[in-house]
Every structure is written in C-alpha cells, then in structure tokens.
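What follows is a group of structures, each given as structure tokens.
Note that subunit A is present in both complexes that follow, paired respectively with subunit B and with subunit C.
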Partner chain A sequence: MLDCTPKEMKPRLSGGLINPAKTCQPIGAMYAALGIHRCLPHSHGSQGCCSYHRMHLTRHFRDPVMATTSSFTEGSSVFGGGANLKTAIKNIFQVYSPDVIAIHTTCLSETIGDDIPSLIQSAEIPEGKLVIHTNTPSYQGSHITGFSNMTKSMVKYLAQASTTVKKDQVNIIPGFVNPGDMREIKRLLKAMNIESILFPDTSGVVDSPMTGEFNMYPAGGTTIEQLKDTGNSKLTIALGRFASSDAAELLSSKCKVPALALKTPIGIKASDAFLMALRGSFAQEVPAEIEEERGQLVDIMTDTHFHFHGKRVAIFGDPDIVTGLTEFVLSLGMAPVHILTGTPGGAIGSAVGSFEEDINGMLLEANLTANVKAGGDLFTLHQWIKNQPVDLLIGTTYGKYIARAEDIPFVRAGFPVLDRSVHSYMPLVGYRGAMRLIEMISGALLDRADRDAADEDFELVM
Partner chain B sequence: MAITKEQLDAILEKYPAKVAKSRKKHILIKDASQESQIIEANTRTVPGIMTNRGCAYAGCKGVVVGPLKDMIHIVHGPVGCGYYAWGTRRNKAKSEDPTKNFLNYCVSTDMQESDIVFGGEKKLAKVIDEVVETFHPNAISISATCPVGLIGDDINAVARAAQKRHGIPILAFNCEGYKGVSQSAGHHIANNILLDKVIGAGEQEAAPAKFAINILGEYNIGGDGWEIKRTLEEIGYHIVTVMTGDGSYEELKNAHVAELNLVQCHRSINYIAEMLEIKYGTPWLKVNFIGIQSMIETLRNMAIYFNDEALTKKTEEVIARELARIEPVIEQYKKVCNGKTAFCFVGGSRGHHYQGLFAELGIDTVLAGYEFAHRDDYEGRQVLPDIKPDADSKNIPELHVEADEGRFRLKMSPERLEALKKEIPLSNYAGMNIDMAEGKIIVDDINQYETDELIKLLKPDIFASGIKDKYVVQKMGIPAKQLHSYDYSGPYAGFNGAVNFARDVSMGFSSPTWNYIVPPWKNQPLLIGTVTEEGVA
Partner chain C sequence: MNVGAVEMLESRQDFIATKGKQKNQIKCDADSIAGCVSQRACVYCGARVVLNPVTDAIHLVHGPIGCASYTWDIRGSLSSGSELYRNSFCTDLKEQDVIFGGGKKLTAAIDELVAKYSPSLLFVYSTCIVGVIGDDLDAICKSATSRHGVEVLPVQSSGFIGNKAAGYRAACDTLLQLIEPTKQIWSKKAGSINYLGDFNLAGEAWIIEEYLREIGIELNVVFTGDSTYAKIKTAPQASLNIMQCAGSMNYLATKMEELYEIPYIRVSFLGLEDTADSLRRIAAALDNVSAAAKAELLISREIAKTKPVIDWYRGKFAGKKAAIYVGGGFKAISLIKQFREIGVEVVMVGTQTGRQEEYDTINELVDEGTVILDDANPAELERFMVSKGANLLVGGVKERPLAYKLGIAFIDHNHDRKHPLSGYVGAINFAEEVYSTLCSPVWNSIRKGDD
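Entry: the complex of A and B
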C-alpha cells in the first residue's frame, strides 16, 4: 500500500500535486446550489465535469444529485458556449421545471471567457423563474472556494434589504458541511428560540427520505423568499471563514447586515462561541436542554480524558473542518502533529484566509508545535507521518490508504466519505456532534488497543 | 411487456420540438419485421438534457490508459480531472514488485491561473522530472484536460523532450474533455497512441508459449480479469497482455506476438483490434465473458480458432466441471429472480453483455441501451460503411496503419480464415439489437427524464446502470444495480462471476429492507373504535 512513497522528503518545487487533498471549484458550487429549494445546478462546460461532480457527490451522500450540463463540444470551445447555454436554459425549464437554475462555470468556459451574465440576459426565461450564476474557475482555489462563490452569488442575485428596520432574525451560513450538521445547527437555533435563515441548506435534499417516490426537487433547501429575506436580517453568522465569510461580507455591504465570522462549531469551544454569539446578539438565554447537552459532553470528556491525553494526531481535510477538529482534539488533551489542508490561500503571508496562522495560534496556546500546511497534498502528509508517526489519523476517505500503509487508527470526517454510510445524516457540529466525534475517536483508538493487546493484557473494562 | 409507439410519442411530446426530433432517432422499439432498424448514436447530447455521459478525458485516462499499473499517469490541468479519476473505477491491479504499481497515486499539474495565462508547459516538464526522480516508473502518460488544448500547451513537445531527458517512454494524450461527444472520443485517442507508441515497442518476435492471446477491452473491474484468467490459463492459453485491466506498459509493448486478440468491450478497444489485424495479421474474436452461456460459447469459439485437439478437450472438461459446480448454486438464486424484468443501460458494451446473464436467472431485459456507443454497437459492424463522419468525429484523428514488414504474419490461410468467419464472430461484432426480442426498447444516451417516464410505464423489477441513476431509481422502491462498479462487489465475469452476480441480484430482490417503505400509520386511520353511549371504546 503506497509502497512507492519514500520516507526521505525532497523539496518539490514544480507546483504539481501527488494525491491531492482538494478538488476543483465547480463541485462546491454544485453542492451549494443543491441547498436552494427547487434549484437545478447547471455546469457550463464539458459533460465530464458535470458527470464527475454528480458521481462524487452521489457517492458521498448516497442520494440523487441532479444537475445539468452545457455539453460543450470542440465547436463550442472555439466559438464560445453561448448557444449551448441558451439551449440548455430553454430545455431545462421545459423538461425539468426547476424554480431556479444556478449556473457555475468550469475551467473550459472560463478560459474561453464566456460572459455568463449577458448570456443569461439574452436567454428565454419563463415568467417567475430565475437564473443565477457564479464563476468557478477550476484553476483557482478549491471546491471550498466554489462553495463560497456560489453562496456569495445567492446573496448577489437574491438578497434584498426591503424593510426599514432589520428583522429579529439571524442568517447562518453553515459552510461546506453535511446535511446532518445543518439540521443540528437549525435545532440549536430553534432551541434558542431565534428566527433564522440557514443558507445554503442541503438538508432534506441530499438526505431525503425513502418514500417509494422519486422527487426531483425534495422538500429541503432554502427558499427563494428566504434568500431574498436574508437582506432584512439583523445579523449574519458565517460558520467557517473559507466557505462562508465572503457571502456574509457581501450581505453586509449590499444589505447592511452585520457579519460575524466564527469557526465551524466543531468541538466544545467553537460550539460555545456559536451559542455565546447568538445569546449576545439576540438576548436569548441558552435553554436548559442545551446546557444539559453541554454538561453531558464535558462529563464524557472528563470521564475519558485518559483515552486521549497526549495521543499524537494527524488531521487533514477542508480548512474550516480541520480548524474545528484541531481545536477539539486540543481540548481533549491530544497532540496534533500534522495538520494539512489542500485548499490554498491559507498559507502565512497570503492575501486571503489564515489557516496556518489560526492553527499555529491554537497550537501555541497549548504549548505545542506541529507541521502545518495549507495547499498541501496527501503525499506530503504521508511523508510527514513516516518521519513522525502518529497514533490517529482524522480525515476524508482518501486517508484510508495512508492509515493502512502506516497501520494507524483512522477516523473519517469531512468531505468526501465514500466508503462508509450514515455519516452525512449525523452532525459533527454542536455538543452532540462533539459527543459523536469522541465516540468515533475512542472507538478507533480502543479497537486498536484491543486488537493489539496480548491475551493477558486484554481488558474487560477500559 | 412493451410500450406502444403512441406511448413513446407521448413521452417525447414534453420536449421542445427540436429535442423531441433528436431524441426520437435515439429510441427504437424492436421490430424484427424490419430488415434493419437504424438508431442514431454517437451524436451530440442536447445541452441541458440530463445525460449520463462523461468526456473524452474520462474515456482516455479514466478508462483505457489509467489501469496501466507500472506507469505514472500525469493529468495536466486544474486539479479536479485528476482527482475524480483517482481510485474511483475499481480497475484492480497487483504487481510482484509493489514499488512498480502506481494505481493508488494521482498526479496532477494543478494548473493555476498563471499557468492558464502564461502556459503550463514548463510546469508540466518540472512535474515529469519530479515524478521520475520520486517514482522511477517504467513509463509516463500525460493526459490533457480542457484548458490545455485551448491555451495551446504542446504536450507532445514536452513529452518528447522529457523522454529524451529521462530515457523512458512518455506518452502524450490530447484527450481534452470537449473532444467528440462522450467518453468514446477518448477511447479512440487512447487506442491510437497505445498502438502507435507502445504495442510493438517490445523486443519479442514470437510468443513465449502456445495459444498466445491478448484480452482487449477487459478492465479488471472488481477482479473480472483475474477470474477470466483463471479459466483461460487452466485451459492452456498464454495471456500476453490484458488491455488494460491489471495491464502494464511492460506487457503491452509485446502485444504484437499474440496469435489471437479477444475483444470484450468492443466500444472502447475495437480500434486497436482492427489496427492489430492490419499491422500484424492477428484476427480478433468478439467474446463475452459475462454470463454462463456466453462464457461457454466464448471458450468454444476460441478452441475452434486454435483447432487443437488437446485444447478442445481441455476446454470441454473445464466447461463440464465448472457447470456442474456452479449450476446448483445458480439454481437457488434463480428461484428468487425468475419472472422479473430489467432495464440494462450501461456504457458501450455491458448494456448488451449482461442480457444473457439476466436471462439465465430468468430476468427479462425489457429495455437496454448504451451511454456512449456508436451505431455498430447496436446494429453490428456491417453498418460501418454507412456511418458518415460528422464535425465531432472528424476531430478525432484516424490513425493510418500498414502491415509491419518484419512482423506481419498471417495466422492461418486466408481460406480457413474466411471459413472461420462464417462459424465464429471473427473480426466481427453483430451488435446488441439482434439479440433483443420483439417489442423491447432500445435507447441510446438515455436521460433522467426518459428514465423516469419509462420506469413508470414498464415498471421494471431491477435497473442496471451507474451511480448517478442508482438512488433516483431506488427512491422509487426499485433495486438498482451499478454495472460500472458492481456496487463494490464482483467479479461478475466468468463462471464464478455469474454466481456472484446471481447472489447480488437476488439480494437486491430479497432484501427485507424494501418492506419498510410505507410507515404503518399510513394505512390505518388514527382512531379505531366505536362510539358507544359511555364514550369511545
């Protein structure tokens, strides 16, 4: 398994990737667009892009992922994809009747330079229907950038400040997380008795129930009315800087809705911060049921701290998720040694994002140092681990090869998880998400301890 | 179970007129009274119509080139294309030397905006240098993605220079995603380069053993190739190379020494088969390793070709033994499957290949079709002269091959070859339509809307397709079987494969999980009881 990866690390200066820890923008835009009610994502490019993105999302969610493509040919690549897009828009509304088409571009249409807004202007759009778009050049950023861009476009096209006084409601941008996380965030808001608009909201879309009928547009998703109304909210909370901040900032400048950027609420500290922000902004006390959950979480943490304390961890995945996971393992007393995201832009000194800085700050506070990298790949992560072994690896399914090669307990978290089910229905966020994470981490560590124990050391109680 | 022309027209009516006109030509109701039923295939998908099709890159790197295990496959482009074709196709491989199996590695040049603006050739050259230094592969492939062709990166020149620098073969594939109308274009591009640059590059002049064959268009999905090999090697065949499942550059370069080429997936590899015949005089045999009867027929046809008494005897021995072993097992599963109906919509050959296996289980295929096939895959190769090249197919270069002066060798007298062609499908494929029964539906490039409508009309018991359809169909309460990835099971080829398939399909029908779709309260009023004088009882 991965037998060709040498331990010796030589500088790689080409800028190429070996075993990437990111993918391209369009898939993130497609996923975000699925979080609008009755929306059909549309990929303006070659058929392969749309096919690959649908495949990958379907494998992660094990649910239908509907999207269309402009089906570029060599001719459209030479003469531009305008005719294809206009034909597509006409056909989509007639055959699939969505309420809104959300177009994202690809490296192909971006390189040609198709001007999507003017193409939309000249397209036949039935009365009452909408077409929105975002630019997602695959040669910039990552799938997280694409998610962020589509979310931003929702604001750009739809958000309106139509009331003179802001409503007592909060916009929540959950970031590139699972529907299980989105449901948990909504549950917390309901418990806090705060009116909210969560967008995009893929719950009820890619975790839709089995009813014996296929519904092309399931019940879930943020409605157009809600998206318009985001301009009237009194606060936007962006959960995760990489996936959510841009949209929140646009809402602030476009509709004067103040924006607050928080970490994805993974783990106790980030969940506390989320609830404290809500409490402070809406003068709503945290209800007893949530306080009880928090108490249960801390009870578990203190009861089992000896399972985790000092254990060396490697974490990789999307920047917002990795940041949350790192903070949480630190609060369990674990020692992160390798922290990596594939998404670029978070490197120290770069204009956007602050992945490396954030992580290093957390480590400093815990008196630890680690390998930290934004824009990295899994070849690098594997070499780090070969040189400095770890007790646990946390990351997406792609980590299973490293885990097997180095015989490391492995916890799957983030996107994508392609080889296990149920994960997309369950939260990682909030106190309940943190409990679930503890269960997964302790399961992985203790199953390994059981497997490796000599008969005489095999314990009934641990 | 069939549909009428009127029902079909009603489905098409919902389309805009132009789309209806186009789609009508892609759908047939089998009518044996007509001498030939023409189907339109390998033409553009109408934009906006939700197709299952992918792109040329997917067909080239993803299907044909990617499985070659001792090569590093560099994808030149933004990260996505390399990422999606990494580990997702189940083309299994093992190597005696695990440091020469690179299938778990994905190398992308990860083009950035500056590469798009200023060109990515230098970066590509640097990535090649790093890869050679790090991995020491036997050979390297470079696959171009959409922007590469647009910005004019000359990957062929980069490959030539790097080949000179490093002394290993470096192959460049101009398989930009926008070429052609589907994956099919990429198969053709891959075939051309493999024939031109790899096959024949080896030193061997003759096969090292008797009954030497190549297996073309077998990708070892779920270990299919290994199960096929098990039987063929037991019978006495020497497999020179498999194209390309569990294949390698090292083996492929000597593929010219084989006495016969077997063609499993006609669509993706027929170009190589045809060119090998012209260049080396090696005929090809259309085979089908899927299904018990097809497997047996394939083995017998191979024995007829080689015309060797001991080989024929061994063939019959193996068939008899395997049948005796698996038939009772299959019989158990047949009880579950008998009388059911299927839709079978897959790729460019499997839509045909699996029908026999379904039939052996008692399952009637009522609708079949291909995602990216050409007319000859439906109607048979005799239509090839009638297929007019269009703007899209003209963009894929036709490789001109001639007989190799030193290595061309007729494998038998022309008279015997002609006589054999009447007996076995030698250098011929009769297509899928001929095997479909009267009234069955044949659909090319089926889309989401047609899938939905045809399921409502024909109510199949199982739907064989891919991941993008799977959960759509299952939401309707119909089990869907992925025939690209086998739902992570397999092998499905050969004798053991038939058993695995029967087991998995039966599981789809007999799983208790389908019984819980309707909640118990849906069929029961909230209040049950009678109102008496004393109140509600």
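Entry: the complex of A and C
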C-alpha cells in the first residue's frame, strides 16, 4: 500500500521533486560547524530551520545537537535580520559561552539579503572569541554544498600561512561522513606516523561518551589553533570532491598549501589511493598492521566473491559516498545498474566536476552501463527499479520504502540513517570500513537467500 | 555544562516559575529570544503536523527542498486507506525561481501531480521564501482548482510569520476552506460527533473510535488522524465536536461552532481518570442516556482490567520523579494526572506553546516546588532536571539524547511514540513504557563519579 510510484515513466518537466534524495544546505553547514571544538552553530533564519536541522541530526547521530537561531519574525523579514543577529551573538556568548559561533544563512535571510560580514563586524564579540559565517542559500545545491561551504569558511576565516617553511603535516578534509569514519581516518594517519589536522572533525562531538553529565561542548572537534595551522601544512587531501574540494582549493590559493583531491576512501581501491598518496608525500612506509588489514580485506573479498558476482545493485545517496560505494561494489564483481544522487552534479568547468561522468567512467572500465543521475529523486530511482529490478539496494533510510515495495535486500549507508543505531560509530572508510561493508552486503544477500530458500535448499554452510 | 555554570538570561526569567515561590504569572506565547537554543519549530511545522494525517491528499511543499525533506513521513499517524500522504512532494525552488518568482513552477508541479496521481485533494504549503518573493498562492491554487476540478488549497505557512501555534491556525483556516464550499444544507446526523485534535499516532484515534462505537456513538470524522477528503467534507453534519489537542484545534472548534452550530467540549483520553471523565461528558453532552449507561459498563470493565496492572507498576515506581517537556499545554496537564495515577511525582513541567490558562491549570495541579517553564532551552532543562532529581523525562526527539546523556530515562510523547498512549490500553502502554526505561538495567552501567 505504501507504494505510490507508477511503473510507467512519463517525462517530468515541472522541476518538482517527489521523495527527495537530498536536503538543504544549512543542515550541512550546521554539521560541519559541529566539527569545530567548542563551536556553537547558529542558524540565521526562522526558528523552524534550526529546529528541523537539530532534529534530523539528532535522529541520525542519537546525540544532542546544539545550535542557536536568530528566530526571525515578520518584522525581521521586512526590515532585515540584522538586529536579531546582533542580539543573538550577544546572548549566545553571554549564556552559552562557546569559543566560536559559526553562522550559516537560510533561504529566508539570503533572499532578504542580510549582509552577514558587516553585521559580524558591528556585533559585540568578547575578547578572544570568534564569529565566522558562511552563506548557505537553500535553493542552491544540497546539504553537501552547505557542508562544503562551511568547511571553506573555516579556511577563509582562520587558516594562516605563518611559517616560512611548511610543516611536515597533512590537512585532511574528510567530507560529510560519520564520526566513526573520521576516527578511522585519524587511526590510519597515526599508524602511518604522519602529523595531521582533520577538519571538520565531529568525532567526540556527536558520538560522545555517556558520562552522566551533559556537555554542551563535548571534548571533540578541530581546535581553532589547528584550523589556523592548516595554512602551514605541506599538503591538503580533500576526501570526496563534492564536500571537500572547495576548502582545499582555497587553502591552496590562500596559503599555498598544495591540494590533492581523492575519492572518499570507501573500498579497497580508494583506500589504497589514500594511503599511497600519504606514503608518497611523507616518505612513510605503510606499517605492517595496515598491510595486514589490507591482506585481511583481500582475503575476505576472495572468500566471499561468489556471493557477489553479477549481483545487480542500485546505489543512492550523497555524491562522494555513492562514488566510493560504486567503485567498491564493482571491485567485488557486482553490477551497479542504477546510481543516483540528489545533489546537483556540478556544472561543466566547476571545481567538483561531474558526478555522472565519474560514475560512467568507472562503469565503462568495467564494461557496464547503468542509469546514472545527479539531481535526481527517489521517485525516479523507484521507477528505474520497477523497470529493471535489482538484487540489492544501498542507500539512506529513505530507501526502505523502495526496498519494502519491491522486496529487495537493503543496506543502509550514508546520511541520514534514522531507523538504525550504532552506524555512526562504525567506519565505512579504510580497509576496516570495507570489511564492514562486505559484512553488511553479504549479510543482507544471504539473509534473503535463507528466507527465500525452500526447505530442501536451505543450507547450513553458505 | 555544569549546573550553575550557565548564566540565565535575564530576559528568560519571566518564562520560568516555581510553584509556591512567586505569585506572578509565567510569561508565554511570546517569540523566542534571538540566540536561544530553542526547542521550538515554525509556522510551516505547525501547519504540516496538523494537516499531514489527511491520508489521500498530496502535500506539496512550495519552497526549497529542506522543508519537504524534514517532514517526509515523520508524524507516525496511521492510515486505514491511502498512503499517498507518506510521500514527499516539493517544488524544489532554485535560484532563478527566487529571482523570477516560483509561480510557474508551482503551476507546472500541480499539473504534473494531478496527472500522475489523480488525487482528490492537494495542499500547497507556503514556506519562508514564498512569503518573501510573493508568489500568489491563493490565485495559483484557485486557478488550478478550476482547471482540474480537484481541490487545490493553499496553506499560508511561511515560517517567519509567527511560531508553531500560528501554523496550527493556518492549517485550521485551510481545513475551514475545505469544509466551507459545500453549499448543500447538511442535515444533522443526530448523535454523531467529530473528534478534533487526534492525529492517530500509533492508531490512537482508532482506540477512541472503538470505545465510542461500543457505547453507541458514531464518530463522523477525526481531525485529522486517518481522515480523507470525503470524510472531512461531512464535518458539518455532526452534532458535537470533541476536542483533545486544544493547542492545534481550539480555533477550528470555535469556528465550527460559529459557522455550523456545532458545540464543542474538551476531552482527554490520556490516563484512566481523563478517559472515564471524557466518555461520561460526551454522553452527557449528547444527552444520550443509553450511551451514558454503556459508558459506565465500559469504564468499570476496563478499570477492572487495567487497575491491577497499573497498581503493579505503581509499586515499582515508588520515589521516582518525572520531568515533562512537551509541545502543548493540554498534553502536559494530562501527563501530570497520568503520572499521579502511576505514582510518579512530577518535578518539572514545560511546554513549547502552552497558553496562559493552561499554565494556570498546571500551576493548580502540581505540588509545591515544581518548576514550570515555557519555551525552555536544553541548558534550562538540564539545570532543573538535575537540581530537582528527575529520573525520567517525557519529551520529543531533541530531548531524548539530552536526557540519556544525563543518565535520565526517557519516553517519547511526540511523533516518535511507538505505542498508542490513549485510552485504557494506552494507560497500560504508558506505564509499561515508563517501566521499561525507568527500570532498565542499562542505567546500572553508568560509572558514577564520587557519588
């Protein structure tokens, strides 16, 4: 009954969306800002925006998400939100005393045209405290764009090239991933014995331990000192072009830190590329423990490859994550047949390149073709699946309607996952993340095989 | 943050009271202060939660994608028929629409959706940006209605025009518009009632419908749980409106009394006391002697079944204290009574949108020393829960992890509730849910500091 999607595909010209695969910029900016130590994100708009973003993030991370709002009223939308913002800044420092306020705009304040930088300049900011901002018009891009914009603003406001010689350290921009992924990236860097600054870093913020006390500012997050010091690093690695490239590019032009854009290290190939780039730039050998992990992953891949071969899979979610997942399922011998992101794919000539080109390039290499779409919605994905069925669906919680309607095994990955817990603590990145993905995918496929097997075909060993 | 480390904003002090300490009234129904970590939502949110349970409608959000994304199938209100309302429809406004106006796109989206789904009803929600760029929603909807012969109704819910309560009113205005064009004279169905302010979360309205059926009272339409276009149209034929969630429905009830001469009474089906009281009052209001007699039978049967279970739980809850932070004042009032029934002391009560008279009632109900607060922020909730020694918080999505971090048990009394909390079965579910969190062994794993 839940299935309201017709199989027959008719042209859709209105530009409206049905069952979106994206959300708006501000929530991405809010999430990125949570990755600064002792930072309070501030939403410059109606209070509903702030409330929705906190609710959505809370549902995904199952941790308190703190943010403030300018609480626009009819008056502010007529006369501008400047007075609200100045009052807000004063109140926030007085009551919540963060080290930094990170302001993002909303569709409302963008349309009114509030000039945030000059409002910040004329605001009362206590000694030693900071206010940064980014513009996040909700009518452009997606939550990934918002994340990228806030990360870029961290560079714009804070990064400084203060040393004559670059330090032997790397900046890593992890992109819109879970704190579990950020922890895994830091573990790999530590194992490689490379000094690093990861930003933003929401580990220790939205996966903080239970102590019996509520900490408005948990222990995690990239510190202001670290953000300033990003200008002195000898390399920036942007993981995931859509969420991370812009900030890396700005660091390159502002502080002359060379930028390297890599895929989000999901799967063996992208993890290899990440570690090889580190090894190459820092003349560090990959330590035995990481080599061993890679070996284990390959062992697992060979042990299980017959479960995957030729299985038809549909993948949707955020562009960087979907790109990584697609590459990985290809390396397992699966056949991606529908690949979709809700985020617009990047215009020709833009820094982020084209999602569709990236995916089609990988498919071409594997001699496959598929439906590939950026800026799509789940109505389209569902129609594709009705017309060309798949064996597996990988995506965010919103995929569960399709999975149920079409009775397809479903693996939850990406943002948001609202109906399962623990996921945000566990990595998808690196070799260990790849092992976990294999466990999730083969678990879903084999559970289905068990469920569907007739008594005489039901097997103990699989 | 440590208790006491939070400086209380002076301007917030009027919004907080402790029973017995001061005489002055609590301040409420005001805008949130800029810069607060408010738990409140916006006009659109208020309108959407009221209308969303209309199951066979297309709920089209006219604006950028966020407002549609965050409200996609979040309400947990169940349907006995169409599931169309559980899909998310949005015009996904882009920059050029903001510059040149989104009217054309909206018209095209309506046309496309009508062609695709042939719905009986389409709600078009205005969001912040629409209020600023000035698309003429009324005109666009009117023209679409006459073009398609399908009712396309605007919901004036731009986020900044007020708070959630303004959204409730916007939703009620749209519902009135939906009821009104029916020019035929409704013959009143004697003894038939409308039930306002139940959104059929976890099937709660069905429980009440069953009770009413048992005592011989016909439920005409529920606003808006499991309602449909056709059912809502019949609203004028009822001879009585009963209203549970007054925060969202008071305006509609008053208007329906004025326009269709349907009197209304307030009811609550939360807890044993309120449920029994409500059933009796409904029968009395209808002057239905047979229903009154049947209600007594139902009440005594259900009490006999429920009371021993509740009493068992009561024994487990000795000495436990609860804090309440919910959306509306009426729900808070019912919860205070319900906690009393299960033997849990209420030490803090707050709401997002409670009204003055509701705060007065709350103040009468609670014990000395109970903290009462309006539009609280997390720091205030923390401060009072800790200082008052609360063991349990009743709240919504955003309060859950806050409570857990403090080692305080939690139950959701909002959209994320998993079991019906209405009627007698709801009273048992409530006690069971309180027990399952309050008495869970997980709290034993918390390493306590010096205490």
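Here is the rule we use: the second predicted complex is superposed on the first by the 453 of 462 C-alpha atoms of A that agree within 3 Å, B and C clash if a C-alpha of one lies under 4 Å from a C-alpha of the other, contacts with A are read in each partner's own complex, and residues count from 1 in each chain.
Here is the rule we go by: contacts are C-beta pairs under 8 Å (C-beta built on N, C-alpha and C of every residue); 3 or more make two chains touch, one makes a residue touch a chain.
Treat the numbers as computed from the prediction; the structure is a model and nothing was measured.
After alignment on the shared subunit A, the placement of subunit B and subunit C results in a clash. After overlaying the two complexes on the shared chain, residue contacts for A:R54 are found with subunit B and with subunit C alike. Once the two complexes are overlaid on the shared chain, A:P64 sits against subunit B and subunit C alike. In the superposition on chain A, the residues of subunit A contacting both subunit B and subunit C are 1-4, 6, 10, 12-20, 22-24, 26-27, 42, 45-49, 51-56, 58-59, 62-74, 76-77, 84-85, 87-92, 94-96, 106-108, 111-112, 137-140, 142, 208, 210-216, 379, 401.
Within the complex formed with subunit A, the residues of subunit B that make contact are 14-16, 19, 44-58, 74, 77-86, 88, 98-99, 101-102, 104-113, 115-116, 123, 126-127, 129-131, 133-135, 145-147, 149-151, 176-183, 391-392, 395, 448-449, 452, 466-468, 470-477, 517-518. Here subunit A touches subunit C in the complex through residues 1-4, 6, 10, 12-20, 22-24, 26-27, 42, 45-56, 58-59, 62-74, 76-77, 84-85, 87-92, 94-96, 106-108, 111-112, 137-140, 142, 208, 210-217, 342, 379, 398, 401, going by the rule given at the top. Per the touch definition, subunit C reaches subunit A in the complex via residues 1-2, 6-9, 31-45, 60, 63-72, 83-84, 86-95, 97-98, 105, 108-109, 111-113, 116-117, 127-129, 131-133, 159-163, 378-379, 382, 397-398, 400-402, 404-407, 446-449.
Across the complex, subunit B is touched by residues 1-4, 6, 10, 12-20, 22-24, 26-27, 42, 45-49, 51-56, 58-59, 62-77, 84-85, 87-92, 94-96, 106-108, 111-112, 137-140, 142, 208, 210-216, 379, 401 of subunit A.
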